[in-house]
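Two complexes are shown next, each including chain A; its partner changes from chain B in the first to chain C in the second.
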Partner chain A sequence: MTTQTQDSLIEVRDLEVHFNVGSGTLGSGNARRLRAVDGVTFDILRGETLGLVGESGCGKSTVGRALLRLTDPTAGRVLFDGQDMGRLGRTALRKMRRHMQMVYQDPYASLNPRMTIGDIVGEPLTVHGIAKGAERERRVADLLELVGLDASAMTRYPHEFSGGQRQRVGIARALAVEPDFFVLDESISALDVSIQAQIINLLKRLQRERELTYLFISHDMAVVRHMSDRVAVMYLGAIVELADSRRIYEAPRHPYTKALLKAVPVPRVEGGKKATIEGIKGELSSPLEKATGCRFRSRCPLAEARCHTEVPLLRAVEKGHLTACHLA
Partner chain B sequence: MADLTMTTEDSTPAPLLPVRKSRLAAMRESDLAFSFRSHPSAIFAACLLALVALTALFAPWITPQDPYDLAALELWNAEIPPIWNVDGQWPYLLGTDTQGRDILSAILYGSRISLIIGFASVMVALAVGLSLGLVAGYFGGWIDNVIMRLGDVLLSMPFILIAILITAVATASLPTGLKDVLAAPILIFAIAVPSWVQYARTVRASAMVERKKEYVQAARLIRVRSWRIMLHHILPNCLTPILVAATLNFGLAILSEATLSFLGVGMPPDQPSLGTLIRIGNQYLFSGLWWIVVFPAVQLCLIVLSVNMIGDWLRDALNPKLR
Partner chain C sequence: MTRMEPLLSVRNLDVAFDTATGPVRAVRGLSFDVGRGEIVALVGESGSGKSNAVLGVLDLVRAPGRRTCDSILFDGQELVGMPARQMRRIRGGRIGMIFQDPMTALNPLIPVGRQLIDLARDHLGLDRAAARTRALSILARVGITAPEERMKSYPHQMSGGIRQRVMIAMALICEPDLLIADEPTTALDVTIQAQIIELVKELQAEFGLSIIWITHDLGVVATLADRVIVMYGGREIETGSADDVFNRTGHPYTQALLDSMPRIDAPEEAELRALPSGRLTSDDSGGCAFSERCPRVFDRCRVEAPPFATLAPAHQARCWLPVDTLASEDVPGASQ
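Take a look at the complex of A and B:
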């Protein structure tokens, strides 16, 4: 089902994250379960960037949070470097988490406005007992320089910086504990396009220099293509297609992936052919009900009888190209 | 951006750490200081409060007599009216009471007790309210329920009733000698008990907002311990509304203390606060010795007024919507 030939850093098996919603006043019993992530299986190979795309609310951020145990999975396993994170005790989990960090979407909310940059980047060093005093300051200065900021930023506060600079601070903070794995949750979506490129290049350079593995979560197809080695497409809590980045963009097999790619706006050259952007028609199925057939059938132009009764499983249509569609 | 990424080309290496601006300089340049300078009422109130606090603090050195040293009191100095009256006498600026005690000295000593009790009770209530509110807001769940319901119960009873209950029970159960020694601590406790709820509610509301922000998540991911997240990350971001509430409550606490003392369950007559002075003076109001009650009452009004003016200014100055 997954590519086992290469060394996997993270193995996710049948991951489910359900939330209880609408518990009702005084527990009047209309509680329902939202299936944010509903049985997801994939590997992230050492040193690669796995892109995770999908529309808002499809569960991609929840997958990222579950990997870091910021959200507890309802079912399924997450293995980091061969170790089952669900079975680790508190201390072991604490140690393990040092290897996994996250860079957040909102560069304004992700830095404490009352702390100096030096304290923000230095806190993980103190907490993990890595360095203190002058050694800590030297390390913070190194980290800031590594992400392209001047060491003099240390004594300043977050509000003195632009969005891109703040995102660099967030990256420096995540780097402080010398992690192997980053979850980049829409890390550049909130930035200006020109700044996005800078941050992407920074992330790529860091990946080369520090042998980092990335899970790159985004709704921006173009950025994901540029960033990722492989791409997983999520729809309503499930992965519908997973393949090499090139294959996803050039030879998508799942109708949802095709529809997503058609919805990407294309710049038109003066006098050129007018590009058509096709939105996806139809209604999103409810994430509150257990899937009885293909999750995409309500919006799929190709849907047939089988799609209503049989849940399509993720299967290899070619080597390293998985898709969950009866018709692919 | 440019000034940050530029590297110094000089042969001398740039200092790793630029000199931090001194706290005082930073304070002088802050928005709050600017707002203070442009609000005459705030300046006036602060000066008034500073004057009251300083004279109260240095009372033993500036008053003509120690009003509680019975040896210093002479009965032939009793019932002297204020100095501007024809019968007025130096150095009794505001006159004397029925035992020859200088009213001004009594007021300054009394203000000292009132200010200390007001300040201490706010501090105690703050300590309790902030910790409980932080815990309730950060952890949520049953612990939040227990703390906030306890607060609701306290708020469902009149403030002054709880305070009277506590002081009455405490004074009734203590031996006479201990009663006077512990009068101030009991009052502080009695005023703090019903007033921590407001701080707890305020900080809980802010903590619930802050804990969902990404910087708190990031701290958790770095495995910063819960107590450290609460103290270093959440608390500093909740302090603005607390500062305003604490200032306004400082005025209220002084008033509560005066009320309790006026009702006779507060400070004893041999170490009177402003409330006790007013209670004692009240008996002579209709015998024409008006100065015994009016001047302590004026002092009480001035203190509470200046505290409230500062509180109102702070509330406006710290409100981002009014800037």
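Take a look at the complex of A and C:
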């Protein structure tokens, strides 16, 4: 389907991540499989930000974790720089992980409260045998400066910093090993609006300066638009639309993408009238059952007979614009 | 709306917490009114005092917190100094409440139907059968399908959106005059948030409710609010109609909030106009709490707290140098 292999840093092919749920206590036979990620294929191009949006439970975080192999895929392949991650042994995988880092949502939970900022940022340097002693200290100071913190922060502890500053520490830590690729999982969602903008600007600057590639996972349509070159929209474990950011926001083709955009409240009051938004009616289909038709049909205003019996495949409706809808 | 006596009138509300290093003043001399049938949005970031303000109104501030207030008139009744028992009848009866996390408001051990029935019996003195009929009808009204079935469910058996609907039903079953909503949609997906907001707007029109809606999301404010109170550092720093606050923004902080939001309705900008971080300016300096972060700061701001400047009838901002009305004509969205 894709012909951009030469530019792709990451290639994901038919990725599936299923979880066993309802463990079937005492042999009650209730064990079921949750299809968190149910066959996704996409590339992340070198130097781009791919946004991954969707509602809670759609599988977007699981995709991010599977890319870093923090979760083992049930099926499918993830290639990083042409290498199949699934075929790497433990040592090789650890080496590979130097190139990919994760920045988490909660800057309060993801920093060890008993470690100084210097040790938090310096730890990956030690673990990967990159630097120690005075050299390590010099590098940590550089990293802190790079993310807009004073080097004097090194001797202080996380609780002495605000949420935005902690998120800068998390980013400095992720940068320590000079990675090529970041998974940013709701990395700014917990921050106040006025602080979000600072971190967004920081991430964009770092991407330019260090030629980083980002997978930007978020539920916030406005933030994703601002961050992303291309955007993938997920629904119930599958990608339903993928295109350039501009096309997703200005000319979406999938009914789900359209509905998501109509639900976003916009901070604008015109003619003294309140802005209107629309929810999506209908119930979410179960992620426990194998899709027998379109996953969105239970909530789709356009659904017809075919949507109930035939799973729509992700196909190009225009160059570089993929959507999984029979009617698009 | 015709000029009549407001439903709620709060004067000089303070909420302070005693800490090892001295009292922290979460709410400082807040005064505001809520008109009958009016939706007022209380907007602010974390720590702005917006949640403590309504806890103060409801007399729900717990130790080590303290509330002091000159007056809270609710429908002509003075709530300050009201005996606790009487206050409890007002809360949940004439004032309904919904919160961000329904699990904190719903009893996890009791089916939701019984919780609704108990409320209706306690507050309205209905017998069991009448209370049950009322519970069923309110569940149906908030858009719950198969309410008979749902009555038997426990809170954990419901999705976040359904749980929030049940909480709205709990808040409305006694037909309150005032609904206080503290970030009730913040934890929900946007598609569910949109359903809840549209539902609240319908119910507001139907019951003639007054609403105080607390949020940090200016998008939500634009969909709901008649009037807006922007809070910073425990004070109201701008108040006006939604139209005034969005389109003729007065306070530099409000302007900065609007400017720093990424949006889906405006041409893309390469860089967001971020607000610098900064601590609240301490009380001792006597200056404006926002002065350390303010792009328009000048000497006076650092030593003297600004009083409300009236920018238009019913539009005020606490600023020595309110955003120039002409300059703010290039509102976000229209800017290049």
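Here, the second predicted complex is superposed on the first by the 320 of 328 C-alpha atoms of A that agree within 3 Å, B and C clash if a C-alpha of one lies under 4 Å from a C-alpha of the other, contacts with A are read in each partner's own complex, and residues count from 1 in each chain.
The rule is simple: contacts are C-beta pairs under 8 Å (C-beta built on N, C-alpha and C of every residue); 3 or more make two chains touch, one makes a residue touch a chain.
Since we're looking at a predicted model, the values are computed, not measured.
Asker: Just to be sure I read the superposition right, which of the two partners does A:221 touch: chain B = first, chain C = second, or both, or neither?
Answerer: Only chain C; A:221 stays clear of chain B.
Asker: Looking at A:112 after the superposition, I want to know if it touches chain B, chain C, both of them or none. Which is it: first, second, both, neither?
Answerer: first
Asker: Quick one: is A:60 in contact with chain B, with chain C, with both, or with neither? Answer first, second, both or neither.
Answerer: In the superposed model, A:60 contacts neither chain B nor chain C.
Asker: A:297 in the overlay: touching chain B, chain C, both, or neither? Say first, second, both or neither.
Answerer: In the superposed model, A:297 contacts neither chain B nor chain C.
Asker: Kindly classify A:35 by the partners it touches after superposition: chain B alone (first), chain C alone (second), both, or neither?
Answerer: A:35: touches no partner chain.
Asker: Looking at the overlay, what does A:249 touch: chain B (first), chain C (second), both, or neither?
Answerer: A:249: touches chain C, not chain B.
Asker: Quick check on the superposed pair: does A:94 touch chain B, chain C, both, or neither? Answer first, second, both or neither.
Answerer: Touch status of A:94: first partner only.
Asker: Pick one for A:197: touches chain B only (first), chain C only (second), both, or neither.
Answerer: second
Asker: For A:136, is the partner it touches chain B (first), chain C (second), both, or none of the two (neither)?
Answerer: neither
Asker: Can you list the residues of chain A that meet both chain B and chain C?
Answerer: Overlap of chain B and chain C footprints on chain A: residues 162, 164-165.
Asker: In their shared complex, at which residues does chain C touch chain A?
Answerer: Touch list, chain C to chain A: 45-46, 189-198, 201, 216-225, 241-243, 246-247, 256-258, 260-265, 268, 271-277, 293, 332-333.
Asker: So in the complex, the part of chain A that touches chain C is made up of which residues?
Answerer: Result: residues 55-56, 162-165, 192-198, 200-201, 204, 219, 221-223, 225-227, 249, 259-269, 272, 274-281 of chain A touch chain C.
Asker: Quick check on the complex: what are the chain B residues that touch chain A?
Answerer: 1, 4-7, 14, 16-18, 20, 213-215, 217-225, 228, 232-233, 236-237
Asker: So in the complex, which bits of chain A are touching chain B?
Answerer: Per the touch definition, chain A meets chain B at residues 68, 70, 94, 97-98, 100-102, 104-106, 109-115, 123-124, 127-128, 137-138, 141, 148-155, 162, 164-165, 170, 173-174, 176-177.
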